[in-house]
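Below you'll find the structure I mean.
Chain lettering (A, B and C) follows the sequence in which the chains are written, and residue indices restart at 1 in each chain.
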Amino acid sequence: MVVTVCTPVYEGPLDALLHLVTTHQLELYDIPLGDVVEAFLGEMASSGAVDLSALSEFLVVLAVLVELKSRRLLPGPDEVETDEELEGWEVRDVLLARLLECQAYGAAGDVFAVLAERAAASVPRSAGIDPTIVVDPPDLLEGVDAAQVAQAYRRATAPRPAPVIDLAHVTVDTLTVAEAVSELVATLPGAGRVSFRSLTGHLATRLEVIVRFLAVLELCKQGHVTLDQGCTFGDLEISWTDHAGAGGTGADETPDEYEG
Amino acid sequence: MPLSDHARIIEAILTAAVEPVSPRLLVELLEIPADRVDQACDELIRSCEEQRRGFVVVRIAGGLRMQTQPDLVSYIERFANTGVSSRLSSAALETLAIVAYRQPVSRAQIAALRGVNVDGVVRLLEQRGYIAPVGRAAGPGQPILYATTDAFLERLGLDRLAQLPPVEDLLPGPETVSELEDRLRPAPGE
Amino acid sequence: MPLSDHARIIEAILTAAVEPVSPRLLVELLEIPADRVDQACDELIRSCEEQRRGFVVVRIAGGLRMQTQPDLVSYIERFANTGVSSRLSSAALETLAIVAYRQPVSRAQIAALRGVNVDGVVRLLEQRGYIAPVGRAAGPGQPILYATTDAFLERLGLDRLAQLPPVEDLLPGPETVSELEDRLRPAPGE
């Protein structure tokens, strides 16, 4: 599998890209690595099976590219201008501080080990309240019977309830999604491209519109319609695609029952 | 007068002990003859009295034990009751129920079921003698396994665990189900 | 010198206690002001030393505890037949140190410092009860934040976190610092 990438400054096989970059014929700054990854993922997806050798080769190439690019982004020792050198030292200072902090925690771990060992030389009193006293702390189980214990067990092991939404205040529309689906199946075939707005313009409540929308999505999921939206928040164009179903109403063409 | 070496070793052992310690074991541990152990014990008992310690060392069947001063029992009682309401919280009861039905069970297993840390509750139940450690699980960390005690059965008036109601009987009754249904159904007329 | 009334009541309570007893609880039980409780505790701690008792009274994890004299550990080990309590690995200790000094801290923050995945270590420390989740960070993903627990203090024999050595004292010496600096500097000619 030859992976080809397409970027603003380069189009071609991936390994050739690496060669061009390492021989300074291409400026790595100008190549968005995200595009390269997406191109590869696209190839993977279209080729179906996972090609492990291509995948590992890609990872190696990309790792090299990432390293090269990050080196270019962080001022390195090879091309030094005063500002860049200073910046480089700042980066190293941060790294040094982190290393020192790590060593300090390592030393703290050693201190902890000593403290823990010292503490372990002493055994805490654990006998508790003398059995002879039989202090009568109020019997916590007073008034509790076996049935209550069983109830408690059920409570404890019951699947934790999902938050309950009380729907008592909601006026449920008479039309269900399943009914809306059958309504659309009756009207859409032969109607050509229908805009969602025109389809729902006569409806009074938002809930009714939503029910139609869910019905359209359901039909789309089942492959009976295609949806097309020009732009974000643009109107939705619905086209019936079931050529066989254009005239027929046979049971085999009827969309699956909506189970939602 | 400060304690002698032998007396303070015995006191240390009694501090760590949960059960009475037999004089024979003390002879073995201190590697001194029985009569010297006896002397050291006498010294220790006397010292606690003279020093007006908060505890006493007593000879009881089976050996020596360190226990709280009898005249301070009222404080111990109050201590035993602090911060504990006189009834089991529902959290504690649920934990106890899990131990009853799933025993032997580890703290981590209870916590996984209840979804919260149960250390405090388990300690309370153990202190009250309703549950007790019965061993360790084989898995990583070898967690302590807990089971209910005879005291638990007694309090519930049960003879044996098998008398606990089977939990399958506890599925919600029909009235609960229809109540749930009602809440999902729109009110008539709306 | 015999114990004062307050000191012996506290000693009695510690004899019956199974975990550190907070001074606040003692104030409540003895019905005396906090400073008098403090005095009585000091008296008790001193008395155990002077009398060469077999136990010591220590301030630990914010409370008071009665425990065996550390120098008698060999007898206690033989008595309790306890091996060395399981040691923590250096990775676990270092992670514990990061949590102790930087708490509350997320797993990702610990991992960034240690430079490796720390999920397993964090889970182990949480299982042992040395660290516990204390909340969530505000940032993206709202990672769980961890802090050390009282069990951690008890394991280390500390009364409070402030007793840990300041992290500045643990920084490596100047020669180590310059060595590290050298390793970060690019080799000449590169």
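We adopt the following convention: a contact is a pair of C-beta atoms (placed from the backbone, for glycine too) under 8 Å apart; a residue touches a chain by one contact, two chains touch by 3 or more.
All figures in this text were calculated on a predicted structure; none of them were measured in a lab.
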Greatest separation from subunit C - chain, by CA centre: A
Identity of the most central chain, Cα criterion: C
Separation of subunit B from subunit C, taking each centre as the mean of its C-alpha atoms, in whole Å: 25
Euclidean distance of C-alpha centroids - subunit A vs subunit C, Å: 40
Centroid spacing, where centroids are CA-atom means, of subunit A and subunit B in whole angstrom: 47
Touching two or more other chains - residues of subunit C: 14-18, 55, 66-69, 76, 80
Touching two or more other chains - residue numbers and ranges from subunit A: 123, 125-130
Parts of subunit A lying in touch with subunit B, wherever the complex brings them together: 123, 125-130, 132-133, 135-157, 160, 164, 166-168, 170-172
Residue ranges of subunit C touching subunit A (in the complex, touch as defined): 14-18, 55-56, 58, 65-71, 73, 76, 80, 82, 84-85, 87-88, 90, 93-94, 96-98, 100-101, 113-115, 154-158, 164-165, 167, 170-172, 176-177, 180-181, 184-186, 190
Touching residues (chain side subunit B, partner subunit C) in the complex: 2-3, 7-17, 21, 25, 29-30, 47, 50-55, 66-69, 72, 75-76, 78-80, 82-83, 108, 117, 119, 123, 127, 141
Residue ranges of subunit A touching subunit C (in the complex, touch as defined): 76-78, 92, 95-96, 98-113, 115-116, 118-130
